[in-house]
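Structure incoming, see below.
Letters A, B and C mark the chains as written, and numbering starts fresh at 1 in each.
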Amino acid sequence: MKFLKYLLVFIPISIAAEFMKMDPIWIFIFSSLAIIPLAGLMGEATEEISIYSGPRIGGFLNATFGNATELIISFFALKEGLFDVVKASIAGSVIGNILLVLGASMFFGGLKYKVQKFNKSIVEVSASMLLFAVIGLSIPAIFTHTVNKELLTGKYEWLSIGVALAMFIIYLLGLYFSFYTHKDLYGSEHSDESEPKWSILKSIIILLVCTIVIALESEYLVSSVEPMTESLGLSKFFVGIIIIPIIGNAAEHSTAVLMALKNKMDVAVEIAVGSSLQIILFVAPVLVFVSLLFKPMSIIFNEFEMVALIVSVLIVNRVASDGESNWLEGIQLIAVYVIIAISFLI
Amino acid sequence: MKFLKYLLVFIPISIAAEFMKMDPIWIFIFSSLAIIPLAGLMGEATEEISIYSGPRIGGFLNATFGNATELIISFFALKEGLFDVVKASIAGSVIGNILLVLGASMFFGGLKYKVQKFNKSIVEVSASMLLFAVIGLSIPAIFTHTVNKELLTGKYEWLSIGVALAMFIIYLLGLYFSFYTHKDLYGSEHSDESEPKWSILKSIIILLVCTIVIALESEYLVSSVEPMTESLGLSKFFVGIIIIPIIGNAAEHSTAVLMALKNKMDVAVEIAVGSSLQIILFVAPVLVFVSLLFKPMSIIFNEFEMVALIVSVLIVNRVASDGESNWLEGIQLIAVYVIIAISFLI
Amino acid sequence: MKFLKYLLVFIPISIAAEFMKMDPIWIFIFSSLAIIPLAGLMGEATEEISIYSGPRIGGFLNATFGNATELIISFFALKEGLFDVVKASIAGSVIGNILLVLGASMFFGGLKYKVQKFNKSIVEVSASMLLFAVIGLSIPAIFTHTVNKELLTGKYEWLSIGVALAMFIIYLLGLYFSFYTHKDLYGSEHSDESEPKWSILKSIIILLVCTIVIALESEYLVSSVEPMTESLGLSKFFVGIIIIPIIGNAAEHSTAVLMALKNKMDVAVEIAVGSSLQIILFVAPVLVFVSLLFKPMSIIFNEFEMVALIVSVLIVNRVASDGESNWLEGIQLIAVYVIIAISFLI
């Protein structure tokens, strides 16, 4: 992933473009390219800090700051009132992780190794949590899409906050489960004997600097979404569900594929599934809570987002059930992703 | 469960309240509280009789009279034409059993034992039957909700009776399967060496007395539903899907949790899943047939009930697939139940 | 299946009926009865040729010509513009294979053998591909049924062609997977030491003659559909989803049941699941491509067809997951099929 670091050059380029008031399309592209390596660096810094802090706090830090980039981008989108983009990017992160990342890992890994095995019992815990989470999200969505909407004003918001709260509590309980009561289940994986590359001070400074620069670039990115989509005739929804998740997760994605190429399918699957779980149980509720500062955003997804989420969860439960993968499975996951993307584009 | 018996004091209280023409809310509460211990006693009496009658007839009796309370309450609701309440309480019993009872069993059992195992091959037979039953019910429901309703008058009723008949035949074949052709599969479970507590005569008398008193209390309960929901601003649907199932199943529910606390997860899971299966394949069709005496009730559920049923079936199939449970799984099931309940309340 | 050959007598009868301009009902019945043995003979001839050609090309021939009858019937239906009938018969072939054929195999096999086992790892590859295929088909269907249809004109067709292309590519990759990269997975099954009954020349002549006669009979069949459904008050949709698939697959169906009766459940399951997969991934896309010669047919199914497809896929994934079957499972599959058929009839 070293080549990603060359993209850091887009930080000054994007700032210059903003000052020169270039076409929003260029600002969108430059700030996107700048965010990709920053998100990667931020992930590395978090991992460094976790080595110093010991496995428990480290696991917690990783689980919580792993999606910081998405949180920052979404924060600015919330501030601009781009609720459609925020919710689409939540759903898009989940399908991107499960269909595109897992698919690419299985495909490229499968070209090198005939059959790749992974520990299905850990994946099943996550896949099962993902099933419950998506069911929990679907129920109010189905209700509100069917019931007469006028009956719901007011109550609707409370339902959304209640669901967000339930998700967040399950998230905390899930961390307690994996780091306290059932940590032996995950034991062998998390016993990290890796040496830290950076000092703790350097790691914290990198984390802080990245956060600040990502915030800046996210502001550029978000403010260019509306003029860009208008001039290109793209839907904001497409940008939210396909493009933003790819930007926010590019670093993680390349890690997962690299792990698959090293035949560490366990890690690749855990990145894809674990990351999806964090987005639904942590990022989505936090964004609902944060939105209360501006204008309340509902956690209730639209039909397309629900379909995409349900499809992802069905597939991940199917895939987890045999603990094996091959290139054909990978290409099928990618094909489903491409069909979803084309459907949204049209 | 001994403490439940103190609730028998609500039999005279509810009768007094009815004669004093108290507020329907009180009548609803008192008769509900009176039904809970009666349902428990009735279950015990059925089990006593099964010890005398030998395992085959005993199993049949248990399977058939296990839901007598629901049948009696629903009979009076049918007579009053409260079809919405009857159908909601069928769906509510299934989700109550699978999400609330199974969830509570897994949660409380999981607090005491780290991982609880159960025989997944027996659960899979039931989970699989539940899947087929809910699919069978969904198909005409989906058709009738999509197709122009005017085209359906008349034909609609026959479709409903046909589906009810199909369910009932599958129920009888399922009993034949588990007590004749494949009884060895269930062998070890049903070999009951327990001593009867009561004489056969005493058991029959208790069964009869309970039936009569439950009938009386059900009449009070049902007649208070409409005035109560009006004065409290609750929907009849909420009463049907959440409250009535809890009343009718309280005794079974506490048994399941007690079994989980004794690490007999097999029994707890079988109570929850088996009971759901009986409701769909036996109680629902019988109520359709009984309704022909008054005004025909269709077996076709509305969208919300279908969603609740499908969700329950997906979850039970997921849960059954690994033959293990822990507290986190339990709390997730309960969370889904709470989200459903809140959605219906709003 | 020898008795099927007596049905060949309906070839001259149907030709005579056509010349005598008999009632379309009779023409429909006679040509249907003539097609059944022809489809069987064609299948046999294909298998003979595969013995000569070696396992790889033979497997490919079998996989590709196995559904020739459906292709020929659908070709004439496309030419007549009967898109509803064509699409209904695609969905109907899948549900017929999975619910009726697999159900009948499990039921009749289960009457003779208490529990029948099959190699679940092979079935899981097919069941998993079926899941992906149906998900791939569902996504654009859900989108187009929800989105305002006026927005879609034009684009709609491209989406359909794109999905058809994706399906077809997955089909080719699936053949490459099973005959090249992972052929050992299927190894023991395909090692056919059977002696050819016919010479290669005889086989090719039979194949050609059958193709020509099926084409003739299909033309009779298709041209009688419209007048027949009108005079009987049946929907064309019912003919497409229930009757035509039974005609086209009767020979395969009886083979599957015969195999189950010989306790070769592996073969029976593979016929049902493999055939469904070929229909979705090969027959459906080819028909979309062929339709471009006349008037473009969309690959997007209606709600009922989608429900039937999704139900079938859920069931086959459930059934495949334990690698065992019994008579009760069989009868449940048949019951779901009957409920679907009755719903369509009404």
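Everything that follows uses one rule, which is that a contact is a pair of C-beta atoms (placed from the backbone, for glycine too) under 8 Å apart; a residue touches a chain by one contact, two chains touch by 3 or more.
Computed from a predicted model, the values in this text were never measured in an experiment.
Chemist: Which sets of chains still touch one another once chain B is disregarded?
Modeler: Leaving out chain B in thought, the network of contacts stays intact as one piece.
Chemist: Check the residue numbers that chain A and chain B use where they touch, and answer same if over half are used by both copies, otherwise different.
Modeler: The interface of chain A with chain B is built from mostly unshared positions.
Chemist: How many angstrom lie between the centres of chain A and chain B, each centre taken as the mean Cα position?
Modeler: Between these chains, centre-to-centre, one finds 40 Å.
Chemist: If a residue has to touch 2 or more other chains to count, which residues of chain A qualify?
Modeler: 321
Chemist: Show me the residue ranges of chain A that touch chain C in the complex, using the header's touch definition.
Modeler: Spelled out, the residues of chain A in touch with chain C are 114, 303-304, 307, 311, 314-315, 318-319, 321-322, 326-329, 331-333, 335-336, 338-340, 342-343, 346.
Chemist: Report the residues of chain C in contact with chain A in the complex, numbered from low to high.
Modeler: Those residues of chain C that touch chain A are 121, 124, 128-129, 131-132, 135-136, 138-140, 142-143, 146, 152, 155-156, 158-159, 162-163, 166, 169-170, 173-174, 177, 181-182, 317, 321.
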